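Chain naming follows the written order as A, B, C and D, and within any one chain the residues start at number 1.
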Amino acid sequence: MTLDIGVIGTGAIGREHIARLHGKLAGSRIVALNDMDRDSARAAGAALCPEARLHDSGQALIADPAVKAVVVASWGPSHEEFVLAAIAAGKPVFCEKPLATTAEACLRIVEAEVAAGRPLVQVGFMRRYDAGYRMLKEIVSTGRIGAPLMLHCAHRNPTVPAHYTGDMGITDTFIHEIDVLRWLVGNDYVSAQVIKGRKSRHAGPDLEDPYLVILKTRSGIVIDTEIFVNCQFGYDIQCQVVGEDGAASLPEPPAVPMRQASMASSAIMMDWKLRFIDSYDVELQEWVDATRQGRVTGPTAWDGYFAAVTSDACVEAKRTGQIVAIDAVEAPDFYRS
Amino acid sequence: MTLDIGVIGTGAIGREHIARLHGKLAGSRIVALNDMDRDSARAAGAALCPEARLHDSGQALIADPAVKAVVVASWGPSHEEFVLAAIAAGKPVFCEKPLATTAEACLRIVEAEVAAGRPLVQVGFMRRYDAGYRMLKEIVSTGRIGAPLMLHCAHRNPTVPAHYTGDMGITDTFIHEIDVLRWLVGNDYVSAQVIKGRKSRHAGPDLEDPYLVILKTRSGIVIDTEIFVNCQFGYDIQCQVVGEDGAASLPEPPAVPMRQASMASSAIMMDWKLRFIDSYDVELQEWVDATRQGRVTGPTAWDGYFAAVTSDACVEAKRTGQIVAIDAVEAPDFYRS
Amino acid sequence: MTLDIGVIGTGAIGREHIARLHGKLAGSRIVALNDMDRDSARAAGAALCPEARLHDSGQALIADPAVKAVVVASWGPSHEEFVLAAIAAGKPVFCEKPLATTAEACLRIVEAEVAAGRPLVQVGFMRRYDAGYRMLKEIVSTGRIGAPLMLHCAHRNPTVPAHYTGDMGITDTFIHEIDVLRWLVGNDYVSAQVIKGRKSRHAGPDLEDPYLVILKTRSGIVIDTEIFVNCQFGYDIQCQVVGEDGAASLPEPPAVPMRQASMASSAIMMDWKLRFIDSYDVELQEWVDATRQGRVTGPTAWDGYFAAVTSDACVEAKRTGQIVAIDAVEAPDFYRS
Amino acid sequence: MTLDIGVIGTGAIGREHIARLHGKLAGSRIVALNDMDRDSARAAGAALCPEARLHDSGQALIADPAVKAVVVASWGPSHEEFVLAAIAAGKPVFCEKPLATTAEACLRIVEAEVAAGRPLVQVGFMRRYDAGYRMLKEIVSTGRIGAPLMLHCAHRNPTVPAHYTGDMGITDTFIHEIDVLRWLVGNDYVSAQVIKGRKSRHAGPDLEDPYLVILKTRSGIVIDTEIFVNCQFGYDIQCQVVGEDGAASLPEPPAVPMRQASMASSAIMMDWKLRFIDSYDVELQEWVDATRQGRVTGPTAWDGYFAAVTSDACVEAKRTGQIVAIDAVEAPDFYRS
């Protein structure tokens, strides 16, 4: 009954998933590993799951009859190949974000899954598993604040490393809002705009920071999000949904209220890894549970594709300053619940 | 030394100002009244300042040698005439907003005051006198949050009456943010955009509600403001300034924290009149004090003009959906401090 | 109609009251001054009210026919004499706390006022005029939280000067809670207990700090108050009323919410003078207004007496560690509203 | 390496622990069950762990060589017998609170464990595993608020069932604070006092409600706790630690901030079962992990004894109104870390 999993990619996130799926969570174990860096895979296996077989390639791991489900945590450009291979093998696959590096590649995966005729692919958008977003979605869903009309959001990091440049504010940072806000309001995006302004002196030479992204949904919901990855003060994720009858916000992470040195204060976390760390556990436990039942309950290949199309539109909007239409293909019936 | 004031306009706001300036505040008294509705003026005088002389016209009141300073609280279309007359008479004048009904008329007042060669005109933008905005401006001014980069604001009313339609969300509601935010960041606006989305079912047929206004300042500060005048839940004014080194927000009005019926809660006021009621007292006391010293320390005719130009641009932006440039004339040296 | 006031005592609080009653507030002016230190009185007059007559004694000031009402702001041991003289002269008198230095002296004032047959005396307990306490009392009074059962309070100062020793935590600090909490719940105290524990290293050698005071009211309400005058972090006044159906707390003073340096924070004021500064204005304005109508609407001589009896019981409770009964005389009908 | 556990007691809490230890948490499984109600045990086994062996008695279960560790979740009066038997068998035992029904019985367990010479017993005080209390303890431990001087606490339930009477406010409710606050400040109690006041009309005839409990620790920390089990508004656990240099409080459970119907609000949970539900997971996972390493890292038998002695003193204090000394025996060196 235990789900036997093979993991492709034993870097940081790969190792964390191995530790979760082999020891921490219930109902799964790691039986096979692969990494382009064979030493990395061997070390991960030795440390975390000594009985797992090491494979020379992701393809070989996927083909291994002992592997009943696949986790893809390798570098982005390899995702498409491994997800398509898992679909071809008829094996459930959990793929870390991004599903693939282009919208076209995502669409190929969508088409392959539709052709396969049964749900196999889940994408690693972990925020849907955050307790706060879930509480917020529940309140929105009950209609207590009426139909959502506007969302005011912020995604703030204290600082980013030197290699964080160009459009990474969209592709690596805002990509999380792209998925989770669409899920939150249950409505697809139709256009994107990026409003740039005064740049922080803390931002590096190859980075616009901060800026405002405006998304609009099919039903007309206006979503503004401040992207500010050198805000200095903390890792700070904000989301307020304004509805026809009231407003509801993402809870702040719990923190000890202090009174000290003429300040009433609560700590804001500085390390983004801590903010959604519980979400990864929930995400993978639910994936294991659903996979054992032959279902996909999390973000689908279609969600991965839609995020990619939206991200592309935001990048273009950032470059041009124009309002850019988000032109996704028609959603296959396969993904309609 | 008491400042002898004549008031033109004895409607609701006029009467409130009379009560403040004749009995509640220190250093002033009302000596003359005028209203187009002579009965209204007579009733106001009888109730609030029986010794004040009733004048047949605003012009006659301004000409009355006993009147040392003028308060204009008549209906908007008459403001230009009375303010110009006060300038011509060399008398300090406090004019309720708007300074005049068009930017051109405001500019005529500006030019008249410049020609007069000394400061005489103050416009009734009372939010600059709110304790919360002042605390916020003080923190921004100290540089504790670094240079302001973005402002996230909201102006929400629970409901509006049936006659509130068309562009009143700009001209009657957002006009307050236009003035106070420019003062808060000390930077002129250069462009405006209005982003409309899904309309609340609570909004009347001739009203867009809510929408988002984006202003950009000369230094590149991006200011987004949600205008939502049928939000149902309360009169709710929000303002967060995000700077290079931190963020600071407008304090919430004091309210008793309750724990009751499975809710931790605090009341949000429903009546906008209560939100800035103390500001009017401070505004007029400071105006009286400054006037007695021959100075203008509050919003000037130039501020009134700049607000009008910005408001016009927002109305156009709302109509066209475009990013509209805010083309004010060059500020006269007269208003440079 | 303006109330002509004589002020006895031109120290710090005396001067502040003079400035309020002569220029800041409406309906009053200062016509006479006295201080044991004649130079102090002369300087105060020169600075604040040059036309006020200087008297050689408080008694002479009270006897001055131009003086229609008296403010006593001299040092505590002189209060009884001046208040009794004002009563004898039939003149309304506002006496800074304490009404007198012993409960017996307070009782003599009560008896004199009762004998005089009309209300003349108000005691300067300014917290009843604080907007926060008033909001809290209004909520308690409406019955929204049901009958009050418990109050949890704190009175914290960052530090105290070296001369603050002995029982001053009761007589100078807790005395404010003694009056305002009795007013808040509308119920007299019947017993007091003081619970001492570990002493802060920041407290001086002749001071217990912090400790807990427990008061119980006639109806059985239990009130615990932490007195901590070297708490370091700020001037912090807390009060939560727990009722049968809910709880309600004193609002925090407004402060700008900040996000900075890994903290979400709001300033706590360090200077106690700022916390209730608006209350003094309201207190004196209401006293002027009521006095002009021949009424006393604020804390009465009886309230001053009851506070003194309670304070005495707390001092004994602090000394003995016992639960001490609060034995006030029966309240005269005169003070029953 | 998996820990093979036998569970005695298959009522509500027993079943929850079985589900955690057999499927949800890592590193353990249930191999044996017993309940005085054999049908209950059979049903629990069928539903949760079909392969577990059913035993006719707790003693037989403990003796089963397949059982490597024991969980006691039977009714209170049976705890002593089973814990002593586990100690005698040299098997680690997790015993739900109370450790035993009298302080004397707890002491017999302490003595048996000391005689056994190695740590075997853990008591089910789950609050030590709550993320909020742990954050609070960490801050207190770092010395950031200085030495703790006072604690202000509250334990509130919305309502209690009719069978909740007499001293259950101490023995079933306050018992949690007794353990967790002693752990929080790392200091034993020396005295207890109970201050009763006005009774809520919502309290049943055989229940005092609310009341205040005052504990004092060896170092002089004063701890006041409001016990109010018919507070109506929610399950509400409060704890503020006031130290020499600042104060720190238990975080509120995360809740969605709402703005609706003239209220800014957040939900307070009504169901106590939800408040510490995550704590049970952490508690048992840490117990499993520590047990597999031959260690006891949670509340010990000594902690169970000390809680019983303190609870007895509180019951006496409630009955007598006196300050009651807490006379525990000297702590064996065995429990000194």
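What we mean here is this: a contact is a pair of C-beta atoms (placed from the backbone, for glycine too) under 8 Å apart; a residue touches a chain by one contact, two chains touch by 3 or more.
Just so we're on the same page, UniProt names per chain: A, B, C, D = Inositol 2-dehydrogenase.
Small disclaimer: the values here were computed from a predicted structure and weren't measured.
Of all chains in the assembly, those touching subunit C and also subunit D are A, B.
Subunit A and subunit B touch with mostly matching residues; of the residue numbers seen at this interface, over half occur in both copies. Between the chain pairs A-C and A-D, more C-beta pairs are in contact across A-D. Bringing subunit B onto subunit C by least-squares fit of CA atoms involves turning it by 180°, to the nearest 5.
Averaged C-alpha coordinates give centres for subunit A and subunit D that are 38 Å from one another. For the pair subunit A and subunit B, the distance between mean C-alpha positions equals 45 Å. In whole angstrom, the spacing between the mean C-alpha positions of subunit A and subunit C is 59. Each of residues 232-233, 245-247, 252, 255, 259-261, 266 in subunit B touches at least two other chains. The residues of subunit D lying in touch with subunit B in their complex are 158, 232-234, 236, 252, 255, 259-270. Residues 146-147, 149-150, 152, 154, 193, 195-202, 210-212, 214, 216, 219-222, 224, 226, 228, 231-233, 242, 244-247 of subunit C are the ones that touch subunit D when the two sit in their complex. Note for the complex: subunit C touches subunit B at residues 23-27, 131-132, 135-136, 139, 144-145, 245-261, 266.
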